[in-house]
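Got a structure here, written out as structure tokens. Questions coming.
A, B, C, D and E are the chain letters, set down in written order, and residue numbers restart from 1 in every chain.
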Amino acid sequence: MSAILFYVLAVVALLGAAGVILAKSPMGSVISLLGTFFALAVIYLLAGFQFLAAAQILVYAGAILVLFLFVIMLLNLGAMGSRFELSFAPLQSGRARLAAAIAMALALIGLVAAQRASLKALAEPAADAPALDSLRGIALELFGRYSLPFQAVSVLLLATMVAVIVLAKRQRAGEHGSGEGAQ
Amino acid sequence: MNVPTEHLLYLSAGLFALGVLGFMVRRNVIVVLMCVELMLNAANLAFLAAGRQHALEGKDGLQGPIFAIFVITVAAAEAAVGLALIIALYRLKQSAETDAAAEMKG
Amino acid sequence: MELVLLTFLPLVGALLVLCTPRASEGLQRGIALATTLAVAVLGVKLFMGYGVPGGDATPYSFSVPWFSLPSAYAAPTAVHFSLGMDGVSLLMVALTAVLMPVVILSTWGHVEKRVKEFMVWMLVMQTGMLGTFLATDLVLFYFFWEVSLIPLYFLVGIWGGERRLYATIKFFLYTLAGSLLMMIAIIAILFDRGTSDLSALIAQLGDASTEKQLWYFAAFALAFGIKVPILPFHTWLPDAHTQAPTSGSVVLAGVLLKMGTYGLLRFCIQMLPDAAVVAAPWMMALGAIGILYGALLAWAQTDVKRLIACSSVSHLGYVVLGLFALTPAGLNGGMLQMVNHGISTGLLFLLVGMIYERRHSRALDAFGGVATVMPVFAMFWVFTVLSSVGLPGLNGFVGEYLILLGAFEASPLWSVIGLTGVIFGAVYLLMATRKMLFGACTNPENQHLSDINAREIGLMIPLVVLAVWLGVRPNDFMHKIEPSLATIHRSVADAKQARTAAVEPLAPVTEGVATR
Amino acid sequence: MQSHESHAWLWWIPLLPLLGSAIAGALHLATLRARKSDPQTSAPGTLAPWIACAAMAGAFVLSVRGFLALRELEPAARALASTVHHWITIGNPQSPLFEVDLGLLLDPLSSTMTLVVTGVGLLIHIYASGYMKGDAGYAKFFAYLNLFVFAMLMLVLSSSLLGVFIGWEGVGLCSFLLIGFWYEKGWPAEAAQKAFVMNRIGDACFLIGSFLLVRLFGTLDMADVVQKIGSAQSFTSEQSLQMSLAALFLFGGCCGKSAQFPLFTWLPDAMAGPTPVSALIHAATMVTSGIYLIVRLNPLFAASGWVLYVIACVGALTALIGGSTALVQRDIKKVLAYSTVSQLGYMFLALGTGAWAAALFHVVTHAFFKALLFLGAGSVIHGMHEEQDMHKMGGLRKHMPQTFLTFVAGAAALSGLPLLSGFFSKDEILAHAFASGGLYYGLWAVGVITAALTAYYTWRMVALTFFGEERFDHHHVHPHESPIVMTAPLMVLAVLSIVGGALGLPAVLHAPHLLAEWLAPVTAPGNKILEAAHGSHHLSHAAEWILLGLGSAVALAFAHTGFHAYKNGTSQDEYFAGKRPSLAAYLGDAWTIDSGYAKVIVLPLRMLSFLIAVVIDQFAIDGLVNGAGSTARDIAEWSRKTVSGSLASYALWMGAGALVISALWMWS
Amino acid sequence: MNAQDLLKMFDGEALRALAPLMALTIGLLLVLLAGVFPLGRAVRSLLVVASLVVSGVLHANLLLGGKTPGTVLAGTFASTPTTAVWGVLFVLSTLFAWLYSVRYYEEDAPFKNEHDVLMLAAPIGMMLMAGARDLIVFFIGLELLSIPLYALAAFRRDRARSVEAGLKYFLLGAFAAGFFLYGSALVYSATGSLSLDMLSSESARAALATPMGLVGVALIAASVFFKVSVFPFHLWVPDVYEGAPTPVTALMATGTKAAGFAFLMSALVLLPVSTASTVALIAILTMAAGNFGALAQQDVKRMLAYSGIAHAGTLLLAVAGSIKDVPARDAAVQASLVYMAAYVATAAGAFGLLALLERDGSPTTLDSLKGLAQRRPYVAAALTLFMLSLGGIPATGGFLGKYLVFSVAVRSELTAFAIVGVLLSVVALGYYLRVIIAMYMQSPDANTVVGEPRPASGAATLASIVCAALVLATGVLPGWLLNLT
């Protein structure tokens, strides 16, 4: 049952991905991407990654996509009410065909690589089995072995904040840069 | 979920390839950025699939999810920077197409 | 320590010149001249003191560790900053040392802009050249070899003629292409033998398989062949010479090209004897054809400076022919010819420069009858031409004779082909002489040329004296280089013996009727 | 190996002229300096002839001293030597592999040559001091002339072949300088260049010969070579071949210097130089150095069989070409020049028969009378204001009687009128040729024909110059006798031309052949080899008398014919030119050999030179070099165009790159 | 693992290893704080320089002070002599870039404070990359390096080219990061580990040799190749280098490249021997692309960008050599250290001098360099030195690096590639010489825009002198550098 659900979700995810590429307006792409994210979140859940599924919904769908939407709105790139339309125009040019060929070949290589890995099919874990990403395990890893990257990420996020300010903050006349970073 | 890990990886490969394709063919910078997110998601899926596989084989399966968490974090950061850049571009060119950023060449 | 002083004195001079204010050109010229004179004195002193009876044959050497190269295969390769001198390098060093004051003095006439830079580059170049001749470490040699490229690049590029940029880039890139391949060979040798010490390599590399030696030989010979230049690689030379300022041409002809022939002798022959024996017929052929080709090429030129440049191709063909005859006479002749060419061609370029400064033309057709208005110039010119065509009693003859004699022992055919250069040398140089100096002085632009002045005469005198000295008493020089050349010849002869032993015994050429 | 005493004073023989040359050169420079203030002055330069003549006189005196010193010695030991230093040493100085010494050797042969060179040279110097008076390069001329004498003395005195070569090239150089002395005129410079280059061709052959000698004998000391050949029992065939080749190449060198076919064409052009130069260099001394060299190395030539035939044939051919060409020349110096070519041919004919002494005998007599004739011609030219065309002379005997008389004496000697010097020397050569038999009969016949031609053109010249009507323009030309300083040497030479035959009287007269006896120590080794190979040829007295008679008859007959044909004017020339124009042109152009060279050798070489310079060097080789550069720039330009600046294309490249790497590695 | 263990992990060794990073982090925070108070430029400069210097000194201390901590933090990070040298290089490149940036921007340019914060963040990322023993650490380091640079490239956001540079760099960087992550996932899938130490074990090597492992490694390699600008992942370089503010370009050219190679050298274990020839081929193609690309340029900044590509190709040859010939690995590491050390000094100096000229109001075209030797003799002389060093002429550091790299190649019997490589470096001289020609041998035309020489800032002068001294010192007396590495 869950296997069938997986395949359905897989198709949804792929269709969503295709939708991102083919949607006429950026807004349509966002919607499609949202579909893919949801499908993937469910797959994570099915596979036993409950924390990740939650993170997927919260961070991706909740934060990132909203950010996208926000920017699209800000820049007036797509009307909210417009219909979801597909356009194959991006795939028409010669270069796009080349790109398609490359992408297909990459997919093929990915498939071959996966296949040759000869991973055997696995039994479904018992329903009450703990999640593969138990919070405790994750916490131990994050604050144990991976505490260095974890802390580095904090610097990274700080740097990202500064970067975004540098790039996007509107500058009022007569105002000088100093003193604006510490927020 | 009784699905072979291979199939999860197939899905991941498909998503990755679509992301790559989209990156190469779309001209709207926002969509291009979304395609990057697709690629990252494909990688995440692969990480989780592998982690699941290793865990079921009795090996350390947590590295996959951990990496995925870092990826999600970084993805957010990248998206923020990316969108800030798009805004900067839009301010100068009133456009969010990659063609607006093709002045330098050769 | 003498050698270190000798090598770096010009560099010190260059630094001194750098410290002077840009406007005080007299001071800059003075420092440069004083430095080169000091080097000349040192050089002559070394030359005189070298190899005198009772003295050590190689009293001068200097070596300090420079740096160590890592090696995963052998012990770290210690690269030494080591300078040393045998007869061969002695001669080259003496030539460089003596030529440079002349060159500096010759700039009074034609270097008027950016004197400071000019003197700096000249002095840096001298250090580069001396280092090249004195280095006894493969890496150090390469170091100096390439460093000496840069000054000439600037000298031609800044103070050259109209097409100077083309000429200077061509010269630089062409030479560099050759030397980079040499670098690969040096690397290979270093990993092969785990040392970069020249004397150790000379002692060892003869054991390497002939095939390997030939690979090394090819890389080295290409680098040196371009520099010399040997026949098909010569086309940069006429351009560089024609565009270079007089002093640049003199240094180029006098010393820089000798770096190539020196390298051929030191590395291709001395270090790789087996390969030299195998390649000798080909190199001789290139040399002999180069003699003829360069002469015919020179004959067709209408620009007198270019003509002399082409004649260099011909004259250096002699050197190659002589060296690769691999006979004592050929080696001796080749060495002498290196010096001779430096003197004769240096003089010719000086003379061309003098007339160019007055007439601002180098086209043969623009002249005619110059001897009437510039008799002293004509006298020096004719003298130099005669020295260049190898008139017995002057320097050119002894070298050419020994080369051809030595080549005749090894291969009569190439010797005879090379001998045609004796004829054609007279043809093109006398043609140039006739067109420039002789005939009626009809062109009004020529009628008021002033004859050369005391400074110009004075700077040529040392070279003239050397030309006569070398012609009359060549043994003064040959005795200095003899032990070194004998060593080289012995190793080559051994290699030859080993190669031909199976085929036929080597018949000593000097055995004649009498000893039968 | 003979042991030579050291006689350092020998060096003064060549060094005195060298010193003279240096002083005269300095005087020339001083003159140039003086002219800066006074353009007309010739002040310090006027001292030069005194210096030069003094140097020559000194050299002559020393030569005589040498001659006398040799006379004191036993014939076999007649050799004085002085070696100053080891000139070129290959190998360890203690035990050299190969060494060339710079040494002088005075033996009967070089003594003879030295006497001729210094003696005739002195006379010509004296003559020149009058002839060149007023020339801008007065001092320079003497510097060159003395330098020439120095080189010539080095040539004849050096003990080693390379020492000879110093002189050999040195005389070539001086010849170049002196032919081009009046370089402002243009064509003398061209003639000088031609002379030098033609000489160089010969010199190149000389060098090959010397290489072969080194290969064979390991030395360049000529005495050693002679001794080694003489003492050798037998030669392997390869050695014989190499010896023959060495001889042939050395003879090639002689061809250049002594103006033999095919390298003679420079000599007539060399008349562009001042006349004393023609007399000294291109008649009396330098051109005979080839003969000297062969005599010096006579055993080598004697031992190389067929080379002697070659020499004889070349000599005979050259004699014929020179003689026939001289018939139609209008320029008095050209007549003498071709005559010189012809006479040199005679000498080589003699060498080709192994008649070393006869050849040298002719060298000596020829030096006397040809120098005389040239100086006489110079006197005429001087008196005629630089006119050289005999068609514009005539009747000069009244105007310049001394010149006329001495000139006639020289002409008589040249044409071989009986009892004069030329008669004996020429007769001896012909007798030797006749005696050698076989192929030499033909050569003898050629010699006789040439003798006839010689008599004819000589007296044609005398007649055209001194007899008949005065064909010159009396308004502009006022012929006058030359000053005593010029005529005195003429007289001395005239006497020598007349009595010079006494040096080598034929055997039938039962008088000693002085020169042959004097030279015997030198010529003996060669003669020995020849005798061993061919046996000795001796003509019967009857045959000798017949030949003498024949020679006298031919000379007298053709001298008479020639004189009478031209005694009254130039009509004979016009008649000949009208009747056989092509032959006249052919002869006038010296069998068109020179113009042939221009077409067949010089022009193709010139074209080759341009081909190399333009097509091969510029287009092909440099084209490749520059092509490499421009190809790099083309690639660069092309690669620049592929970078479109579009993000998508960059991504495409990256995707493709990742794909290719993955695929490659996956299947690696 | 409990909290106790966690604390144990951060023992003295780990702190020593992390100290240089912490110094920078603290400096970064202080600079950020300094912005709040009106303390003025001097304090901020002092903080930046001090934190960099302290970090550098800590690295040097690791290097010279005896034993380095080695692998710490549960095998995720290593501090070895090699990483210490890399660390010094990162600090140096950042310091040079910062010094040149001091008066580069207009006096009233905004966000100077943020600029400095971002500049201090980048080297932390570099150090993480160089010391990473785990792919996660590497990835975070990569992003920590990249994100500040994306922003810095677009720092002059009022200029289209700057924004274009930032955007191109960002998008392609994200694209490459996608490849990296997917590749890591495949590697993890194949081997079950992300730790480089584990991956170099025997069993992991076998797993890596499967198609999945190989594809994963290939994709990781592709992303690193992107960072170090290797063909065909190099196309962003000219555009980004040209558009970015020149001091930032200097940082990208030196620091980023060094960090990429640092990781490449430590991640060699991932690459099987069979990949050597491919890498060598890529190296040659990179050299060709860089050199020919540079040959066609009129803009010196862009030319130097292409030249940087060529240099990456040269260094990749050493990588190829050490893949092929495992015992040569130490030599290759040293070669890359020396090469990058020389390159850092040279390229930083070259870009820095261009920044100096830009401040004069001069474009960076070859034309505007004409006659520079007369206008600014010292700048011209230094630029000449840097050009010669880039061209690998002896007596400069560039030669030493080139020599060592080709040594590795020859030793690994990649001689044919080495020969093609040196011939391509002849092409390279073709354009380096053009710069010298313009400066020394040509005079400006009437319509050439040349700058009005303005006095250089003390910082820039200092940086130039240090760079030139380093270039000469490594060229003439290479011993000290060889002993350090």
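Following the convention adopted for this analysis, a contact is a pair of C-beta atoms (placed from the backbone, for glycine too) under 8 Å apart; a residue touches a chain by one contact, two chains touch by 3 or more.
Since the model is a prediction, treat every value here as computed from it, not as a measurement.
Of all chains in the assembly, those touching subunit B and also subunit D are A, E. Farthest chain from subunit B, judged by C-alpha centroids: D.
When you average the Cα atoms of each chain and compare centres, the chain farthest from subunit A turns out to be D. The central chain of the assembly on a C-alpha centroid basis is C.
Counting C-beta pairs in contact, the chain pair with the largest number is A-B. Rounded to a whole number, the gap between the C-alpha centres of subunit B and subunit E is 26 angstrom.
For this pair, subunit B with subunit C, the centres built from the Cα atoms lie 65 Å apart. Subunit A and subunit B have Cα centroids lying 6 Å from one another. Between subunit A and subunit C, the centres computed from C-alpha atoms are 71 Å apart. Among all residues of subunit A, those that touch two or more other chains are 95, 99, 102-103, 106, 109-110, 112-114, 117, 119, 146, 149, 153, 156, 160, 163-164, 167. Listed for subunit B are residues 5, 9, 12, 16, 19-20, 23-25, 27, 32-33, 44, 49, 51, 53, 63, 66, 70, 74, 77, 81, 84-86, 88, 98, 101-106, each touching two or more other chains. Residue positions of subunit E touching 2 or more other chains: 136, 139-140, 143, 147, 150-151, 154, 157, 166-168, 171, 175, 179, 182, 186, 189, 211, 214-215, 238-239, 296-297, 430. Pairs of chains meeting the touch criterion are A-B, A-D, A-E, B-D, B-E, C-D, C-E, D-E. Subunit D contributes residues 629, 632-633, 635-637, 639-640, 643, 645, 647, 649-651, 653-654, 656-658, 661-662, 664-666, 668 to its touches with subunit E in the complex.
Those residues of subunit D that touch subunit B in the shared complex are 640-641, 643-648, 651-652, 655. Against subunit C, the residues of subunit E that register as touching in their complex are 325, 327-331, 334, 388, 393-395, 399, 403-404, 406-407, 410-411, 415, 418-419, 422-423, 425-426, 429-430, 433, 436-437, 440-442, 477-479, 482-483. Those residues of subunit C that touch subunit E in the complex are listed here as 65-73, 142-147, 149-150, 153-154, 157-158, 164-165, 168-169, 172-173, 176-177, 180-181, 183-184, 187-188, 190-191.
Touching subunit E in their complex are the following residues of subunit B: 5, 9, 12, 16, 19-20, 23, 29, 32-33, 36, 39-40, 42-44, 46-47, 49-51, 53-54, 57, 59-60, 63-64, 66-67, 70-71, 74, 77-78, 81-82, 84-86, 88-89, 91-93, 98, 101-106.
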